[in-house]
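Heads up, the next two complexes both have subunit A, just with different partners, subunit B and then subunit C.
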Partner chain A sequence: MKVPAAGPSRTAFVTAADDLADRVLSALRGAENAPFLARHVEQAPDRGAALAAVRLVGADVFVPHLLAGFPLDGQDAAAVTRSLAVFPQEAVIAGAGDAGSAVAWRDWAVAELLTRFDGGRPAVPPGEEPAEDPAATGWRPWCARMAGLSPLAIAGLDGPVHQAARCGALPLSRGAARSMLRRDYLTAVRLIRWLAWLHHDGVPLPLDLEAALDHAVLLGGHGPRTALDIAVAERLLGRPDDAHRRR
Partner chain B sequence: MLAQREIAGIGVGTDAADIGALMVEPETAISDAPVFTPNGALLLLAAVLLSPKGPKSR
Partner chain C sequence: MTGCAPVAETARRLCDRALSWLHAHRELDTLPSTSDLGDPDSVYKPLGETTLAASLVVRDGTAGPGRRAAARSLLDFTWAQMRGGDLLYERLLQHTLLTDPAETYAHFVRAGYRHPRLDELLAHQVRLRSVRAVELIPDRKLAVANAHRIIGLDDDADWDALIRATWLGGLPEPWAIDWMTAYQMTHTVFHSTDWGALPYRLPADLTAYLHDWLPVWIDIWREIRQWDLVAELLVVGACLEEPYCDPDDWRALAEIQHEDGFVPRDGDPIDENPVQRFKDHQHTVVVTAVAGTIAAARASAGRS
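And now, the complex of A and B:
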């Protein structure tokens, strides 16, 4: 997994996020039982890094609940709430530079799913636009922003970001193809996940998504967080999440 | 319970900013063309140079 700049906490957070993504993937495949999130944080050697990992993985911690009918345990909900309290949105946005709205929308997705599974008031969407019109800003920066919002590309979640994606099938396809040509498979897999969500939503696509996913998996499907993106994309395409291994 | 436990040693400001930076990772820089692994060109060259000479023809 790429680290934007060297730093002990960043390295620890990325490692912890990979560990957590691995745990989420195991839960999705039925190899974990509740409360797997709370247990993961409790047993982590660095509990602060484990909570940071919950913030980094974001709405993807609910993938087993959304796609596999996994029950949300109260302790798991408490772990997610705790991560939001320990690393508040204002402080997190400060590190995101001009992409702060992406953090706000990722946090909205976490709050929305937490509310859905654990009860409480519905999450309030951020006031900012999720992503500018690709025709105005250009499809390349727009795709980079959508790649950062890939945890929102999951069945059962809908909102302004998803509406923007529905209007951007062609830019997303271009972005996925461009990322693969640049050998930036991390971004490619994230954009393919959005395209898989569009396919699941019934939007016609100008790209052979199965071939694109197979290509990205073969050349760049490394790392637990990418594996989680791939597993979600494969489920959205309606094929088993280990289909690529049997080919 | 997890929620009641104190999380010690967290520098919230710096660490939270690090989380923000990691959440919005930019695109990776373009990489070089793929090469065969292992890259055997130098090894083959060394083997040719170090190999014993062939028998002289009469």
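And now, the complex of A and C:
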């Protein structure tokens, strides 16, 4: 089955992805128990859309496992595996237009975490270059690409994309500032999440990240998937969940 | 993407054309016969801006004979409009606390014009505690300090403190800038560096900050076709100790410049009426000339 780039089923998939992101956030905050993923798919009014949602949320379905010590239940792993079978990479790429290599890297992250929790062998990274030197591609297209790879920005995951990010603190900061000025807070939050990953990794940043995150959250941090990006960024910064709301 | 050399040719062409447009349209910028300027912004300010652009061409000395002649001719014209400096002198006589006579006069002094009675009056004015304490926003204080420096008046300016008091001096969050603040930031750089002549006077941390964020600001204001501000941001890049001149940005400015040198201030429709057209866009043509002459001068200084 294809994940279409537009149209009514795309809208249904995006809504389903929001529902799933909400569920993942609940699990992260301790309001769910295993197997929350399997249960979510099972109880969904449209199971196909729920499985597509697993593909859209990508590696972020493992946020509770990586950040809150949530155990990976066999049924949850099976739900993720099933989403990969129902929506194979080629079909997702066909629906994603020019973001094909981003799909490959997002799938690498899913496979890597799945095998890690399952005790399997590490996933093989996609053959092509992960994210070219931002100086060669230009910081704007590179940031657009990195924003699409934000589910990879999580403590415990590392690879060639992360290595590219380590060399791109300034381009990522520029991208975040540009998105903020354009009031594209969805992209801003995704790039801030990468910057938070860099901060967690010990890379010095040219930006006051906490102020930028608070600003993006207060002015445009809407929607469950953005909330998930924010929750991860706050944990990478060592802040309590929803730190901005407690001030 | 450092240095002005890659944009030198574009910069020269931009400046040549802009100056030629200012020269061709100079008669649209004439002062009324009265010296009491009810609304100084109407014609007095544009005359000062044209003078600035022409004075930098003369100062930087990298222009060919055509551009130099146009600049000289423009300076003679604006100096005549100021009645050989009398207008500035009388304006200061009437309004002791005004700073614009000194600021406008400084552009003429840069190009070698002098008015002895105005010099005498300014030397007195600058000593007044009242004048020094006039409440100006920080980038305007820099404008006055730089004008005094050019005229040769000693006002004990603490440059570092003046620069640190500006928005830029606070090393602000780059994503929290707005259109008006961007203009104030550009003027902090213009006056601190005396339009690219003293780039080292901008502290190194502020220069590094601008290298980090100018690409973002140029990008967002290019996207919404705020050409006047984009041109000012290109001037900022050209004024830095290690200039920031991205050829793609300079190409974009060159592409919107008309054959006769006209540069629209933004993406809005252009008024056909020549007087309104001049009023709306003269500033952008001036900034384009300034950007071009500074970048060309920095490129040629980099070669020597």
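The working rule: the second predicted complex is superposed on the first by the 241 of 247 C-alpha atoms of A that agree within 3 Å, B and C clash if a C-alpha of one lies under 4 Å from a C-alpha of the other, contacts with A are read in each partner's own complex, and residues count from 1 in each chain.
In this section, a contact is a pair of C-beta atoms (placed from the backbone, for glycine too) under 8 Å apart; a residue touches a chain by one contact, two chains touch by 3 or more.
Quick caveat, the model's predicted, so the values are computed rather than measured.
The wider contact with subunit A, measured as residues touched, comes from B rather than the other of subunit B and subunit C.
Applying the stated contact rule after C-alpha superposition, one finds that A:Ala52 touches subunit B and leaves subunit C untouched. Once chain A of one complex is fitted onto chain A of the other, the partner contacts of A:Arg182 extend to both subunit B and subunit C. In the superposition on chain A, A:Ser150 makes contact with neither subunit B nor subunit C. Once chain A of one complex is fitted onto chain A of the other, the partner contacts of A:Trp139 are limited to subunit C, with no touch recorded for subunit B.
In the superposition on chain A, A:Ser173 makes contact with subunit C only, not with subunit B.
In the superposed model, A:Thr226 makes contact with neither subunit B nor subunit C.
Of the two partner chains placed by superposition, only subunit B is touched by A:Phe13; subunit C is not. Of the two partner chains placed by superposition, only subunit C is touched by A:Asp208; subunit B is not. Residue overlap on subunit A between the subunit B contacts of one complex and the subunit C contacts of the other covers 182. Residue ranges of subunit B in contact with subunit A, taken from their complex: 1-3, 5, 7-28, 30-31, 34.
Against subunit A, the residues of subunit C that register as touching in their complex are 173-177, 212-213, 215-217, 219-220, 223. Subunit A contributes residues 139-140, 170, 173-174, 176-178, 180-182, 188, 206-208, 211-212, 215 to its touches with subunit C in the complex.
Those residues of subunit A whose C-beta lies close enough to touch subunit B in the complex are 2-5, 7, 9-10, 13-14, 17, 38, 41-42, 47-48, 51-52, 55-56, 58, 75, 78-79, 81-82, 86-88, 91-97, 99-100, 102-103, 106, 144, 147-148, 179, 182-184, 186-187.
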